[in-house]
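Dropping a structure here in C-alpha cells format, bear with me for questions.
Order of writing sets the chain letters: A, B, C, D and E. Residues in each chain are counted from 1.
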Amino acid sequence: MSQSSLSILLLGALGLVGIGVGGLVLSRNLYRLVLALAVAETGGNLLLVLAGFRPGAAAPIIEPGRAVAAMVDPVPQAMVLTSIVIGVGVQAFALGLAIRARAAYGSLDMDELRGRMEADIDAEAGAPPAASQHAPAIARLAGQPEAKP
Amino acid sequence: MTALDTVLALSTLAALTAFLFGNARSYAWLAGILLTGQIVLLAGMDLPTSASLDFTIFGQTVGWQLDGFGRFFALITVGAALASVSYMGGEWGERYAAEGKSRRWLHGSLAANVMAMLLLLASKDLIAFFIGWELTSWAGFLLMAQGTDRALRAALRYVPYAMAGAMAVLGGLVLTLAWTGTLDLDGLASAMPDLGNARLAILLVLFGTGFAIKMGLLPFHLWQTPAYAEAPGAGTAFLGAISSRMGLFGLGLLLVKMITLSRLADLSLVDGLFNARDVLAWIAALTIVLPTFTALKQNDARYLLAWHGIGQSGYMLLGLVVGDATGSAGGLLHVFNHATYQAALVLSVFAVMHRTGTADLNSLGGLVTRMPLTFLVMLMGIIGLAGLPPMNGFVSKWLVYRSLMMNGMPLLFLMTVLGTLGTILSVYKLIHNTFLGQLRAEHEQIREAPWSMTVPMLVLVGLGFLTGAAPGLALRWVAQAQAALGLPVMSYTLGGIESARGSLDMLWVVGVLFAGFGIGAILFYGVGNRSKRIHQLDNYAGGHFLSADVRYHYSDNFYAGLMHRIGPLYRGSFVWLESALASATDLTATLMQAWYRQAVPALALLAAVVLGLGWVIWR
Amino acid sequence: MLTRYGALIFAAGFAFFLFVLFAGQPLGAPPMTVGRAVLDQAPAAVGAANIVTSVVLAYRGIDTMGELAILFAASTAVGLVLGRGRGHAAPTAEPGGFILQAGVDLLFPLLLVVGFYIILHGHLTPGGGFQGGVVLAAAFVLPVLARPAEQPSHGAMAWVEGLAGTAFIVTGLAALAFDRAFLAPLLGAGQLGALVSAGTLPILYLAVGLKVGAELASLLLRFTEEEAAR
Amino acid sequence: MNPSVVALVVALPLLAAFLLPLVPGSARRVVGPLVLLVLTGIGMRLWDVASVAPVVLAVGDFLPPLGIVFYVDSVAALFVLAVALLCLLFWPWAGEGEHLDRKQSLTLILAAACGGLAVSGDLFNVYVFYELAAVASYGLAAGGRGAAGQVATFRYVILGSLGSLLALFGITLVYFMTGTVNLAHLAELAPKALVGVPGLAAFLLILLGLGVKAELFLVNAWAPEVYATAETRVSALLAGLVSKLALLVLVRLLVLVFPLPGTHEALLVLGLLGMLTGELAAYKARDVRRMLAWSSIGQLGAAFMAFSVPGDAGLVAGIAIALHHMLVKPALFLLAGRWGGSLGRIAGAARRSPLGAVLFVLFALSLLGVPPLPGFWAKYLLLSGLAGQPGGLWWLGGLVVLLTTVVEAVYLFRVIGALYSRDEGSVAADQSATAVAGSGMLAAVLLVIALSAPVLAGTLDRMAVQMGDVDGYVTRVLTPPAPAVPIGVAP
Amino acid sequence: MTWTDLVVQVMTVLVLAAAFAAMFLRNLLGAAAATALVSLGVSVLFVVLRAPDVALTEAAVGAGLGGLLLALAAKRLGLWRIEVQEKTDDGEGKSC
C-alpha cells in the first residue's frame, strides 16, 4: 500500500476523531452525545491500529503451510480489541443513564437536564436556588449568603 | 526533668483538669494553685533553661528553651491568668454558669491559652515558634468565642486575620530555611544579618505582617476590639492584658535579636528615602494615636478599653524600636504595667456590669456612692493608663518619652504626647460616665461588688502602685529581657533609673506627691473648714433647680465640642479597606465558581487541550 | 451561537494538531520494539497460530481480565440504573410476525454453532472469545425480540457469567500451583496450528466467550424491558 | 515470598465480584468484607517486603518488556493497604436486594481496579485499570439518590470518556515513538526516544486524560455535581481513594517516562489553578457537600503542585499531602452525610452531637495545617519544597498556597461557627452513629500520626527515595531475579 | 494504484460521510444507523490494515452489538416516533 493512502488513513482516523469530538461539544442531546463518543472512539482505535501497520506485511496469523513472512505488529491490535470492548461497555452504561434521565425529567436536552439537576441539588441542600443565567450580572456576582431558615 | 519541663507539665495538667473538672464550683482553687506553682517556678528559674523534650523531623531539630526575654512575658502571662481565674472563682463564675454558659470551656480555653503561650515563649527554633504561634492563635479564638453569639461572630471575624498572620509567618519560615539553611533562633541571629537587602526586606514584611496582625498594629487592628470586648469578663481581662503582646514578643525576636536594629537602620526602603526602622517607629506612633482617638468615641466601656489596648501597644513597639537602653526598657516595662492596669480596669468594668447588667456609658453614672472600691480601682487604673504618677504607667511612658527626646525624635515624641492627651480625655469619659454625676433611679439598690471580684482588682492596682513607687522591682525582669535580646541593659535602682543625663526616682516623686496631698488636706481642714456635705442629688445645673425625681447626668454625646472640631477626621478608612477586600474576594470566588458551573465542560477541556498542544508545538 | 462556532473551531484545531503530531511519526514503519520480539517468540512460547490471540490471552492476559471486569461492571451498573430489584415484569410488546419468528428459530442453532466455532478456533484463525461471545449473545437475544413474552431466566445467565469469569481467574491461579506466575500458560504449547494446542488458551477463550455472551445478553435484555413496567 | 501474591491484589476482589451473585443469600453479605480483610493482610505483607526491596512480578512468566509487569514499591504497597481499608470502611452494608449485591460487586471491582493502578507497571495496563475504576465509579455514583445523580453521572461519563480518549491518543503517540508500553522499558528509552514536541504532547494528553479522576484542573468540573448527588460513601471513596490513585499513576509516569523540560511547569500551573479555583469556589459554596468537593479539588491542586517540584523533595511533599488528604477528606465526607446541607440547616447541630462537631473541628484544623496535626507537616513540606526552587512560578505557587489557606480557614470556620452557634437549625441534624464511629477511627489514626510524626518522617523520606529511583526500577524489572522457567513446558 | 489504495480511499470517504451523517441527521435513529455504518466501514479498513481480529471485533461489537444497543435504547427513549423527538428531544432543533 502506498504512503499516500497511509496519510489518507491517518486523515480518516483524525477526521473521525474531529467529527466525534465536535459533536461531543456541540450537541446537547444525550443520545447524540453517545453517538459522538462512539464515532470518536472508533477513530482512536483506527489510529492505534495504524501505529502497528507496515505496508507489505502479513496479518499476524501463521498458516502452517506457508513460511513465516514479515507480519504487522500484533501488540496494538490486542490493545484495540480491549479498547473496542471498553468503549461498548461505557456506551451501554451511558445509554442506560440517558433512559433514566429521560424517564425522570422527560427530556434529553442537556441544558434543561442540567438546570433541573442544579435545582434538585439546591433543594436537597436547603440552599436558595442559584442565580440563573438570565438574572442581571451584578446580582450573580453579588452572590447570595448562606440560607438562613 | 528541668524547671521548664515542670512548668510546661503544670500548664498541661491545668488544661487537662480544666476540661475535665472545669464545671466544678471549686475548680478555680486548683487552677490557682497550679498557676501559682508555675509563677514560683518561673521566678526561681535560672536562665536560660531548656526543656528535655526535643525531636528531629525532616532534618530540623525542634526544641524549647526559656531565656530572660521569654521569662518576662511568661510571668505576665501566668499572672494575668491567675487574676482572671481568681475573679472567675467566685460569684461572677456562678452567675456565668447560671446563665447556661460553660465554665468548663472558659477555664479550659484560659488554661489552653497559658499553655500555648508558654510553648511559644520558650521556643528555641522557628518550627517550635510556629507551633506555639498557631496554638496561641486558636486557643485565643477558643477564648474569644465563649459565651454569646456576638462573641462567636467577633471570633469568626478574627479567623481570617489570624490565618493570614500565621501563613505570613509560615512563608517567612520556609524562605528563611531556603536562604539560611537553619531554623534555630540563635543560628539565625548570626545568619540573618548577612542576607541581602531584598531578601531581608521580604522576610521583614512576611514575619512583620504576621506579628503585627497578632499585635493589632495598624492597619491590621480591626479584629481586636470586638474580639476582646465581647469575650467573657475574665477572658477579656486576660486577652487585653497579655494575649496580643505575643506579637510584640515575635517582633522583639525578629527585629532586635535576629535582624538587629542597626541592620534594620541600614535597610533603606524606596531607594534610601527612609529606612525600615523609621517606618516601624511611625507605624507604632500611628498605632498610638488613631486607636486612642477611636476609643474616645466609644460608648461601651469594654470597647473603649479594648481600643486603648491597641493604642498602648504602640508605646511598647516604639520604645523597642528606638532601642537604646532606656527606650527599650520603657517599652518592655510598659508590657508589664499595661497588663496590671488594663486587667484591673476590665475587671472593674465587668464588676459594674455584674451589678448593673450593662457597660453602656450612656446608661450608667453616679455609682461612686454604691461601689466605692470599684471606683477606687478604676481611678487608679485610669491614672496608670493615662501615664500619670504615682502609678506605674507613668514610669514606662516617661522612659519612652525620654529616649525619644534623647535620640532626637521630636515628631514621634509629639505623637506620643498627642496619644496621651487622647488617653486622658477618654479615660475621664470612662470614669465620669460610670461613677460620677447622679445615680440613676434603677441603680438605687446596687451594692458593692463581692470580695471575690474586688480583691483581684485591688491586688492588681496595688501591684500597679507598688511598681509605680518602686519600679526597680519590675525593672529586674526587664533588664534580664534586655540582656537576652542583646540590647544595652539599663542601669536601674529601686526607685527608677540612675543616669548622668537626668535620673528618675519614683520613691521621691511619690513621696513628694503624697506630701503635697497631706499639706493640702491639713490646710483645707485645719484652717477653718467651711465645707458642708450635701447629698449626691442635691445640686442644680443651668440655673434651674432639679427635683430628686429627675436624674441629671451629662453623659450622652460626651465631648460634643471636641467632636464638633475633630469629628470629620474619622473616616473609617480601615473598615472600608476591610470590606473592600472581603467583597473583592467574594467577586473572585463567584467568578471562579462560574468555571465549575459551565454548561459544557467538555468544550473547556477541548479548548485547553488545543491551547496546550499549540503551546507545545510552537514553544 | 458563538460557543457553537468556537466548538467547531476547537474541534477542527484539535484534529489539526493531532495530525501535526502524528504526521511526524514513522507512519508505516513502526519501531516494532516489542512487536518483533513477540512475533519471534510467541509461536514457540505459546503455540497459538493466531499471534494476536497469544498476545491477548498470554502476554497481556491481565488486560483481558480487566476487560472482562469492565464488561461485568458495565452490565452491573446498567442493572443498578435500569434494574428494578427482584423480579422482572413481563414486557408488554406484542410478538413479531411469523416470518420473523420462524427465521429466528432457524437462526438460533446456526448462531450457536457459529459462535462456538469462532470461540474455539480463536487461537488458530481470526476471531475468538469476544467475537464469538457477541454471536452467542445475539443467538439468545433475537428470540426475545421475536417473542418478547418468553425471556431467558436472568438467574441462569448470572450463573454462566459468574462461573465463566471464575474459570478465567482460576485458570490463571492454577499456574501458581505449578510454581509459575499468575496467568502463565500451562499444558504446553502443543503442535502449532492444531485445534488442541496453545495450552490453556482455548480454555481461557472459552471462558471469555461464555462470559462475554452472558454479559452482553443480559445487557441487551435490560434494554428490551419496557419503561411501562417500572 | 512468591511474587505472584501481587496478582492476588487484582484477582481476588475480581473473583469475589464475579462470584458474589452466585453465593447463597446468607453468606453473600460476608464475602466482600472477608476478601477485603485478606487484601489488607496482603497489603501489610507487601509493605513489609517492599519497604526492604520492591517486588516485581512478570505476569505469566513472560520476560519484560514482552509481558505485563507488576511492580510494588513501598508507596504502592501502602496504597494497596489503603484501598483495602477504605473500601472496608465505606463498604455498602445496607441496601435493598439486588441493588445491594450490585453495589457490593462494584465496590469490589473498584478495589481491584485501584489495586491494579497501584501496582501496574505497564502503560496500557494502567489505562485498562483506569477504565475499570472509571466504570465502577460511574456505576456507584449513579446508584445514588435519584435522577439528579444520574444526570450528573452522565456528564461525568462524557467528560471521563473524552479524557480516556485523550489518554489513548497519548499512549498511541508513545507507542509510535518507542514501540513499547512497559514502563521500565519506556524509562530506558525515554531519554532518547521520548523527547521534544511529541514527547511533551504525549505527556500533556495523558495528563489531561488520566487527570479527570485526579480532579486535575480543567477536567474536574464533574466533581461538585457528582459529590453533591452521590451517596456520601461514594463521594468519600472517589475523593479519598480513586483520585489519589490516578494521582499516583500520573506521578509514576512523570518520574519514569516523562522527565522532560516543561512537564513539571505544566503540572505546577495546572495544580496552581486547581488550588486557586477550587478553594475560592468552595468559599462561595452554599452547602457543605459541594464545599467539601471544591476543597478536595483545591487539595489535589496542592498535591499536583507538590509533585511538580523536581527531585525527592517534591515526592516527599506530594506523598505527604496525598496521604493526609486520603485520611481527612473521607472523614469529612462521612460527617457531611448528615451535615451536608446549607449552613442554615446545620446551625446549632453541635449541641445535638458534640462528638461529631469536635471531630469536624479536628479534621478541619488538620486540613488547614494547624500544628502539630499532620496537615501542618504536609503543608510545611509543600511550602519548603516550593521555596527551595529558584523563584518564578514556584514562588507564585507558594503565595497561592498561603492565600488560599486563608480562604479555606474562612469557609471551614463558617461551618464550625454554624455548628456551634446558639440558634436552632431548620432540620434535626443528629450525626449518625456510623459516621461518628468511622470518622472517629480516622481521627485516632490522625492523632497517632501526629504523635509519631518524627518517626514517620523518616519512613516518608525512604518511600520517596524508593519512588524516585528510576535506575533501580529499570534494572529490577528488565533483569529478572531468577532464570525464568522454560516457557510452555509444564514442569 | 492498487486495489487496496482504492478501497482505502473509498472507505475513508464513506466513513467520514457516515460520521457527518451521524452528527447532523435530525432523525436520531438514522444517526444511530450511520454510526453503525461508520463501524462497519472502519472494520473494512482494519481488514486492509492486516488486522482481521480487530476487523471482526469491530464488526461484531462495534457495529452489531453497538447498533443493537443503540436501536433498543432508541426504542425505549421513544425515538422511533420521529415527529415527537423533533420537538422535544433534539437539542440542535432549537439552538441552530
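Definition applied: contacts are C-beta pairs under 8 Å (C-beta built on N, C-alpha and C of every residue); 3 or more make two chains touch, one makes a residue touch a chain.
Predicted, not measured: the structure shown is a model, and the values here were computed from it.
A.B. asks: If each step moves to a chain the current one touches, what is the fewest number of steps from chain C to chain E?
C.D. replies: Minimum number of steps from chain C to chain E: 1.
A.B. asks: Within the chain touch network, how many edges lie on the shortest path between chain D and chain E?
C.D. replies: 2
A.B. asks: Give me the chains shared as neighbours by chain A and chain E.
C.D. replies: Of all the chains present, those in contact with both chain A and chain E are C.
A.B. asks: Count the C-beta pairs in contact for A-B and for B-D, then report the pair with the higher count.
C.D. replies: Here the pair linked by more C-beta pairs in contact is B-D.
A.B. asks: Would you kindly say which chain has the C-alpha centre located farthest from the C-alpha centre of chain E?
C.D. replies: That would be chain B.
A.B. asks: Which one of the chains is farthest from chain D, going by Cα centres?
C.D. replies: B
A.B. asks: Comparing chain centres built from Cα atoms against the global Cα centre, which chain wins on proximity?
C.D. replies: So the chain nearest the centre of the shown protein is D.
A.B. asks: What whole-number Å value describes the gap between the mean CA coordinates of chain A and chain C?
C.D. replies: Their C-alpha centroids are separated by 20 Å.
A.B. asks: Whole-Å distance, chain B centre to chain C centre, using C-alpha means?
C.D. replies: About 75 Å separates the centre of chain B from that of chain C.
A.B. asks: Approximately how many whole Å separate the CA-defined centres of chain C and chain D?
C.D. replies: 30
A.B. asks: Provide the C-alpha centroid distance between chain A and chain D, rounded to the nearest whole angstrom.
C.D. replies: Centre-to-centre distance between chain A and chain D: 24 Å.
A.B. asks: Could you list which residues of chain E touch at least two other chains?
C.D. replies: Within chain E, residues 51-53, 57, 61, 65, 69, 73, 76, 95 contact more than one other chain.
A.B. asks: Residues of chain C that contact two or more other chains, please.
C.D. replies: 4, 7, 10-11, 14, 18, 21-22, 25, 30, 32, 34-35, 38, 50, 52, 59-60, 63, 66-67, 70, 73-74, 77, 81, 126, 130, 219, 223, 227
A.B. asks: Which parts of chain A, given as residue numbers and ranges, touch two or more other chains?
C.D. replies: In chain A, residues 1, 11, 15, 17, 19, 21-22, 24-26, 47, 50-53, 59-61, 71-73, 75, 77, 79, 81-82, 85-86, 89-90, 92-93, 95-100, 103, 110-111, 114, 130, 143 touch at least two other chains, as defined above.
A.B. asks: I'd like to see which chains touch which, written out pair by pair.
C.D. replies: Contact pairs between chains: A-B, A-C, A-D, A-E, B-C, B-D, C-D, C-E.
A.B. asks: Which of the residues in chain D end up touching chain C in this complex?
C.D. replies: Answer in residue numbers: 2-4, 7-8, 10-11, 14-15, 17-22, 57-62, 65-68, 96-99, 102-103, 105-106, 109, 112-113, 116, 120, 124-125, 128-129, 131-132, 135-136, 138-139, 142-143, 150, 169, 172-173, 175-182, 185, 189, 197-198, 201, 485, 487-491.
A.B. asks: Show me the residue ranges of chain C that touch chain B in the complex, using the header's touch definition.
C.D. replies: 3, 6-7, 10-11, 13-14, 17-18, 20-21
A.B. asks: Show which residues of chain C lie in contact with chain A when the two form their complex.
C.D. replies: For chain C paired with chain A, touching residues are 4, 7-8, 10-12, 14-15, 18-19, 22-23, 25, 27-30, 32, 34-36, 38-39, 42-43, 49-52, 55-56, 59-60, 63-64, 66-67, 70-71, 73-75, 77-78, 81-82, 125-126, 130, 192-193, 212, 219, 222-223, 227, 230.
A.B. asks: Which residues of chain B touch chain D in their complex?
C.D. replies: 55-58, 127, 130-131, 134-135, 138, 145, 148-149, 152-153, 156, 159-160, 162-164, 167-168, 170-171, 174-175, 177-178, 585-586, 588-590, 592-593, 595-596, 598, 601-602, 604-606, 608-609, 612-613, 616-617, 619
A.B. asks: In the complex, go through chain A and note every residue touching chain D.
C.D. replies: 17, 21, 24, 30, 33, 37, 40-41, 44, 47-48, 51-52, 73, 75-76, 79, 82-83, 86, 89-90, 93-94, 97-98, 100-101, 103-105, 110, 113-114, 116-117, 120-122, 124-128, 130, 143-144, 146-149
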